[in-house]
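Got a structure for you, questions after.
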């Protein structure tokens, strides 16, 4: 018995020694793009700052910022971000970069969206043919973008019928579901390119400016949460808007395709 | 130190679900000898012993020792209870409970292992012993804290003649050395061999009691006479 | 089917290649789960034993409650712990959210009822076996509980291992309170969830096989540690 306890005690002891570190809530689409794996080591090297990422949906990211559980958030849902700042949870929003959404679907393309004239037209065709469509349904930035596109198409998908499947899950899980159901799905380009289980699915429609997906950085308001390390958030923001960051972001490619466009405006 | 005896039972009553299983019983136990409790099944022998030992709650009356020291009386059950440890650890257990020094425990364990002939099995699990060995172990374990009185509830009921003979010899020895025995038994031969006093229970009450020799020679009641003959008595 | 083979291959490559990240998250999984296991056992084993030994007014209610809590959905536990540990929650000042400690807290809440319930079941049986003896030896409540824990340690080990199994494979709660932060709170299960999300089934399965392997190794290790300690009864 004693020996077991000694063994356990040995395993239990020992904690991680932390350097300067801050927490940032980011969206799954950002994490899935793989860009973080390029940026975080560079930040660590340049600033000696360890950025701990909490990968959640935009809805949860905003809640984490509201509660003061993170120093900053990096999300992509302009209306929600502005509401967040207006409520005083964040100090301001600073645009960093954008990527774009794509409509993914079965390569056979039963709804014929490949030659659609706009994103709204593509969704209208899906609704008309009642082809299965998987929605994130998790109040994330991607989900919000998707709802805006349905509104532009004049379709109320929630009332539409069983072809519209709201899965309430992250991007990867939604793509897995679409793959299983042979359904259409709106995805950010990065998640799609990095997705490993593409079987039967293909990128069918992209390019409409309505599909652009702006990422913004929002420091959590230090007046509301005294413990928040606003100084670290500032350091990070300065770095994210710097020329080094621009180079890394613009230069990041998957299968030869650039994913993000740096568009931060120098102060 | 005052002696624990006499033990007095005054109008002791035990009820279970509104049925009286024992009593009212009046009884006085003096410091010496061996009292054998006899009586048919269900007459209350086990309950009487458990009440005296203090492990069965009474519904009425009082059980009073001259000086109540629970360490001074011990109990041996019909089916021996051994704990899931070695033979030696079973013997050591009651002494460990009262924080006996280690060397004293070791000496007492060796003494009793030799006396019950289990020296060779000291490091075996007690559960692997035969029924007779287990009962000898249980008796030794009950005696290891040197009690003034030992209660035994039909200790040989499930044992063969060989084991019974060994246990009776052991009981003779400890009684001779001054330990008070109070034993329930079914075996009239055993009662004759060990008893100084006899308590005859019938239907939860003491039907007759007294010196064993006298009662065996001349039962005072027809029921005891019939019971000693081997008749069914109710 | 091909994915499962790919998964086995991935697991093999990860293990044989001494993948640094795999080691890190595997060790963290073990550290978090074993810490939770030790804490939960320290609470649950005496509690389960106490419930077997002691009768009190709300005993049945407490036992039913513990049995019901065994089915507690981990996600709910995670959410409640998250709200409590959040900066805007009552324990926010402790700054525990998104740390391994938060994960340990959530796991303790999840597995304590499991261990307590199984411990209570087996301790109840052992208590039935020991009851008369321990009462007759005039043991204190503390001594009874300690004796049952010591003699029932093999059964308690089984209870603890059931808790270990539940904790090591748990993902819902620790995802919420740990946040799956790379190099800080990422463990095997949350990494599996992450890789599944990325559609990398081979790597996810590979990690899954590593998880199963660790669970088996821990079971074997703990069993053999407890066996070499003393020759077993079974």
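Per-chain numbering from 1; labels A, B and C assigned in written order.
By definition in this document, contacts are C-beta pairs under 8 Å (C-beta built on N, C-alpha and C of every residue); 3 or more make two chains touch, one makes a residue touch a chain.
Treat the numbers as computed from the prediction; the structure is a model and nothing was measured.
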Task = Could you tell me which shape the graph of touching chains takes: line, ring, star, complete or other?
result = line
Note = Per-chain C-alpha mean nearest global C-alpha mean belongs to chain C
Message = Averaging over Cα atoms per chain, report the distance between chain B and chain C in Å.
response = 47
Ask   = How many Å are there between the centre of chain A and the centre of chain B, using C-alpha atoms for each centre?
value = 79
Ask   = At what distance in angstrom does the C-alpha mean of chain C lie from that of chain A?
value = 33
Ask   = What part of chain C is in contact with chain B in the complex they form?
value = 126, 129-130, 132-133, 135-139, 143, 147, 151-152, 231, 233
Task = Flag every residue of chain A that touches chain C in the complex, lowest number first.
result = 1, 3-5, 7-8, 11-12, 14-16, 23, 28, 32, 50, 52-56, 66-69, 170-173, 175-176, 179, 194-198, 225, 227
Inquiry  = Which residues of chain C touch chain A once you look at their complex with the stated criterion?
reply    = 30-31, 34-35, 37-38, 86-89, 92-93, 95, 97-98, 100, 153, 179-184, 194, 196-202, 221-222, 225-226, 229
Task = Can you check the complex and tell me which residues of chain B touch chain C?
result = 53, 55, 70-71, 74-75, 77, 81, 83-85, 93-94, 97, 125, 127
